[in-house]
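Chains: A, B, C, D, E and F, in written order; residue numbering restarts at 1 for each.
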Amino acid sequence: MMGDIPESVVRDIVARALAEDIGPGDITTAATVAPDADCRAEIVAKAEGVIAGLGVARLVFGMLDPQMAFHEVAADGGRVSEGMAVARLSGNTRALLAAERTALNFLQRMSGIASLTAEYVEAVEGTDARIIDTRKTAPGLRLLDKYAVRMGGGRNHRIGLFDGVLIKENHLRAAGGVGEAVRRARKAAHHLVKVEVEVQTLEEVEEAVAAGADVILLDNMELDDVRRAVDLVSGRGEIEVSGGVTLETVRALAESGVDYISAGALTHSAPALDLSLEVADD
Amino acid sequence: MMGDIPESVVRDIVARALAEDIGPGDITTAATVAPDADCRAEIVAKAEGVIAGLGVARLVFGMLDPQMAFHEVAADGGRVSEGMAVARLSGNTRALLAAERTALNFLQRMSGIASLTAEYVEAVEGTDARIIDTRKTAPGLRLLDKYAVRMGGGRNHRIGLFDGVLIKENHLRAAGGVGEAVRRARKAAHHLVKVEVEVQTLEEVEEAVAAGADVILLDNMELDDVRRAVDLVSGRGEIEVSGGVTLETVRALAESGVDYISAGALTHSAPALDLSLEVADD
Amino acid sequence: MMGDIPESVVRDIVARALAEDIGPGDITTAATVAPDADCRAEIVAKAEGVIAGLGVARLVFGMLDPQMAFHEVAADGGRVSEGMAVARLSGNTRALLAAERTALNFLQRMSGIASLTAEYVEAVEGTDARIIDTRKTAPGLRLLDKYAVRMGGGRNHRIGLFDGVLIKENHLRAAGGVGEAVRRARKAAHHLVKVEVEVQTLEEVEEAVAAGADVILLDNMELDDVRRAVDLVSGRGEIEVSGGVTLETVRALAESGVDYISAGALTHSAPALDLSLEVADD
Amino acid sequence: MMGDIPESVVRDIVARALAEDIGPGDITTAATVAPDADCRAEIVAKAEGVIAGLGVARLVFGMLDPQMAFHEVAADGGRVSEGMAVARLSGNTRALLAAERTALNFLQRMSGIASLTAEYVEAVEGTDARIIDTRKTAPGLRLLDKYAVRMGGGRNHRIGLFDGVLIKENHLRAAGGVGEAVRRARKAAHHLVKVEVEVQTLEEVEEAVAAGADVILLDNMELDDVRRAVDLVSGRGEIEVSGGVTLETVRALAESGVDYISAGALTHSAPALDLSLEVADD
Amino acid sequence: MMGDIPESVVRDIVARALAEDIGPGDITTAATVAPDADCRAEIVAKAEGVIAGLGVARLVFGMLDPQMAFHEVAADGGRVSEGMAVARLSGNTRALLAAERTALNFLQRMSGIASLTAEYVEAVEGTDARIIDTRKTAPGLRLLDKYAVRMGGGRNHRIGLFDGVLIKENHLRAAGGVGEAVRRARKAAHHLVKVEVEVQTLEEVEEAVAAGADVILLDNMELDDVRRAVDLVSGRGEIEVSGGVTLETVRALAESGVDYISAGALTHSAPALDLSLEVADD
Amino acid sequence: MMGDIPESVVRDIVARALAEDIGPGDITTAATVAPDADCRAEIVAKAEGVIAGLGVARLVFGMLDPQMAFHEVAADGGRVSEGMAVARLSGNTRALLAAERTALNFLQRMSGIASLTAEYVEAVEGTDARIIDTRKTAPGLRLLDKYAVRMGGGRNHRIGLFDGVLIKENHLRAAGGVGEAVRRARKAAHHLVKVEVEVQTLEEVEEAVAAGADVILLDNMELDDVRRAVDLVSGRGEIEVSGGVTLETVRALAESGVDYISAGALTHSAPALDLSLEVADD
């Protein structure tokens, strides 16, 4: 339904969100709307941005009314401007109103992430650097947050702690240095997983490459040092930079020749995209 | 543990967040850290703000190492400045590193909400208006988001669709007007629940009061009309305003004499508070 | 499906009930009935009463055979007499027999509650008092028990501890008196929730009203005192009575002018309505 | 904890019951009771009866406060009279008050079942007949209801559709007669499960015995026919009677020489035993 | 769907198996196959054996693509030879490839069990002894393993610890001997459950029969002693033998006149049947 | 507890296994063993092999009796011979007997896998080839099966479909060839995941290397072709072989210079290691 995210995973997230909001019942709708009333409605953009999460929104409405018609006017990854219709739907009024807030909560969050990501991606256009996300996502919404990053034109880092080795400063302390840590990881990880290591200095960059690291993570390094690190590695591995990346600084980083620029802000600080649901007068 | 949120609810949210991040295992930590290694660490503020979620963070670490010591240096609702320690912890290194990102994801999001709420609350200081949240929360995190609002000095609106009647424009359309909708709701709701209704015009304000609404919601109304509505209601009910509330506009609204000002931004657009976990050199 | 109870909630309850009864399999049906046999059957009333729970029964059968036809002859809230058909169904015989007991267990319990409630409601006919339920329901069946009360013509009290403030004697002891407890509750509760407080004496009635209680609960008070309390409150709040309410005493209580009469017996001591399922000879 | 019921099963039932009542939080207790207040309380019988479910009640309180002390004054299966203490407990006041209703709901229902069962058991004292329950239990509470029957001195029938073959009239219709149905069941069931069959006539009694039925169920048979059936079977199998069994008719049935008398009323129509929780003044 | 196993039970097992394999997504299929591509495929036997589990395999594919067509060429319980098609299917290519391994894991395991069971059943052909399974199944797959035994022509022992009494050596030690243990079990078990007891000596055989055991389990007894036990019991109960049963020894045991021969190897040591899924060239 | 497998994952598997076996209760133990009886017992090897799963066994017993003492005599990965004690335990007799079969089912299966893996590992000793597992595991037991392989000295392949790209023949068909498939995967996968591709011919080997595959999987290739492939790749990638690997053929394959040899038999056809639990006479 949504790229490679298993539908059962999304269904589970959606069911919990609905249960959280509706609990034992939507008492307002039950009191004011007839059980068999139908209506048509539109989800409308109140601001400019990139849409993500229409499949989730469709699922939210479908869970409360399997007959709900949901027509996507915009598409995930597409840009909308203020006033544009994003989707049109029709079905049981009670179901539609009970689902409204939950559907919008998903759609506004995901579209907010996609919109912010798109700004970063545009900022580095023409360079070889790719904007990637981090694990700094809302608890429980990792896969949706990462999907939204892709819809904004970004790429994903590993999904979690299980599908990639990323040795950070705190691991290095425990393992006793970059070289030793990389060697241990190489030996322990299965043969389809790469090893990335975070370094602070150019000496550590060299140590990491020598120990066989596939990717070097330059964390919070000055731009000049980033450039020196790129020269030093010289194709013997890939390079990611992270730390304090902003829309102002990202272009210069990208032009330094790094492969990946990761930014937690994409998922932990993106403002929601303003969207609303409007029931049609019939 | 955290006000009146049942611990089982928080445990369930935390367990899912950990499962999402760790999945079948943290392969980096397993490769680089000895199973029985211990360490001490500190959660440090990298920016100024209001802390919320220490109880959740404690639970995250405790789930991976029941012996983990977690000492709160700051307290939920307290203000921290850049560089201050927020909490000190010590325990099994593998557990600590596997839990780190999940704990920080909760703490940074909740502290971000508390910090933004505090700004709104300060902006209306000295008035009788109270800043309240909405249902525009991250799916699955409703109770935590609302707790964070309280820690920032705000108050909560209803929790979900089940513990308060709030008749919005889309319900009015289905019920055929303010008066009829309020009467239906009065009749259907049990005797411990109040009825709030959203209105667009001063005529509807009067209609709502006449029909026995307990609270009037003025949505996206001009400041002048808000003032007129306050005069009109004149104590016959409470008044909430919502829609387009910003730090710039909130003071004037508060001075108009309304009882509640609700802002979705508190929970859907608060940037994360920057925090990091630093393992001590021993 | 059933008023404002979310279908997912009912499905979950039904799935557990079926799992409890069928476990790893219905060995009698598997041994004696061909897998593809079909049959028609009827649910028949063996006693007079009010029906409630047909939607749940339909769901029970539908979970084991999605093609099961289930035609309601009676309707929830309707009265049946001995020998009357309540519902007709047809479908896979194995599914029908495996579901039979579970479906009847729901239907008999809920109809028993509806029938007893109807007796109380009739006993107060013509007065302004409304018969309401309590939280004394069968664990796990709260929403169904409360639905059955509505089908019997009663009304519901709050659903649980989360959607209304009801300060009882044990809370008063902890808070230090009626006035203080009511004030604390007013301050803590969100603005769509009312505050009810249980009192023992007329002095406490006055104290409660003065502190701003919305509803006064007179628990186990003598009839004369109830009348005095009604006079004392004199419209400054609503009044609920509870404690030792029986079909013999309820009318006099209702005529005293109280607003609500709650009885735990409706849900904890209603005898099941006798119903049976009869497979038709073809 | 409670005979042979696995603790995990009871925990699951209790957790759901608490979640149903407390939901997102007990707002009354949070508003009126300090988080760290402690108290002592007593569960007191308000009527005469047999207690069952103390282990469940203990678990309810323990789930909200693991430090809660719970001292059983009465014991499951023991008789209490009005005014007697059933249990004494002390612990966190918030936990105690939030758990109170749920604990009592379990204890009152189970004690009600035990008390009614005890009446039936006493009525047949001195005969060889044993009072047994049915599958007519509250959905989701099967194991607790059956435990309560044992505490009242009764014995259990099979737990569900999986641990015993009981061929009823509707199965016979599908299988084409008593003999054929019994033979099919004998063949299909594993070698540790017995076969019981419901019969309507003395001819069927003979047919059942001849086909190798282990137990004959006489459903709604006249007392004289029951006696004739006992003579006819004459030890070649066991005999159960069911249908319309009341406290008035049960003795005569027992004296007819049957082995088991089953009554749905034990679990579907037992009135709750009146119990209350009283917090001590300190 | 599969004999008397409730579909909800199988669905739960299948959903977990899919979640375990697919987790957050099948990244290979997402990368290489278009979302809307369809294909046809065949499950082919690579070795001779008995098929079991086609219903489970169908469910696996159906969970990922509800439109998947699944045509059984062989049938559960039927014998296939190398190269034969077992099933043909067609549907969404991504779903088919993501489900492939899980479906085959079920089908190969269950067919392996059925195939091994069939060898034991053939080895005792013509005798009255029946080959039965044990509780030595793969954790979580009990019902499927036992279904596979039936498909191989074997019969089932009890399902678990709840649907039959089997007193083993360790229970005897606690109860103080065969006679006492059998008497306790007779008294505690409900009237539709039989009592089986494991014995080591001929004296214990006699003691067991005298105490009313329904079935005697001869564990690891020499063949001569088995024969003597059969003579001794002489129809006063049924006899099961277990312990060290192999394809070499099973015939002689069967000819000794025992009723049941149980073998753990059927479910804990059956090699998988080699099967593969081949996508058709279109 | 067990390498890098999260304890919550193992707990969940164990809880399901216990529920499957015990269901509503262990009726034999309840009937024959006093509730408070304690005993000591030993798990003893009845055959030679490598042990795996002691941590799981400990958890099984601990779930039924948190006070159970469990002392490991052998260690996971250690070799035992017939008659050796593997573990000693003491605790509540009812808990111990109810847990026995489930604990042994885990331990026997995992030790069987470890033992068979050890045979393969020994067979290739002295070469550079490593024995690795596949995804052909028992549904629901993937992580435990893979842990057992490690205990036998083998290494793991990817855990599931999410933590490594492995393009198989069926994907190639959909993608239109080795080169195109590898390029698509490179582009879609995040930067910490490698790309492996299955090839049939030496031409495809070259195509795979040219397209940037990290690992080449030679499936069911003749030994001579395997040697040619090793020469051809010549260090430009790693090589895995699979298909029809047996203890007879594995050495020659290993000597051909491949990096990995994978065998489904390790997990789908390993016979259980014979172990038993013996309660001590006190």
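What we mean here is this: a contact is a pair of C-beta atoms (placed from the backbone, for glycine too) under 8 Å apart; a residue touches a chain by one contact, two chains touch by 3 or more.
The model shown is predicted, which means the values in this text are computed figures rather than measured ones.
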Far-end chain from chain D, centres as C-alpha averages: A
Angle (degrees, nearest 5) of the CA superposition of chain B onto chain D: 120
Whole-Å gap between the CA centroids of chain A and chain F: 34
Rounded Å distance between chain D and chain F, as computed from the means of their C-alpha atoms: 45
Residues of chain C engaged with two or more neighbouring chains: 22-27, 29-30, 143, 159-160, 162-166, 193
For the chain C and chain D complex, residues of the former touching the latter: 13-14, 16-17, 20-34, 37, 39, 41, 93, 97-98, 100-102, 104-106, 108-109, 112, 135-143, 159-175, 181, 184-185, 187-189, 193, 264-265, 268-269, 271-272, 277, 279, 281
Complex contacts: residues of chain F adjacent to chain A: 132, 155-159, 162-166, 190-196, 214-215, 238, 240, 259-260
Chain D-touching residues of chain F, taken from the complex the two chains share: 15, 18-19, 22, 24-27, 29-30, 63
Chain A residues touching chain E - in the complex, by the definition given at the top: 3-6, 8-9, 143, 159-160
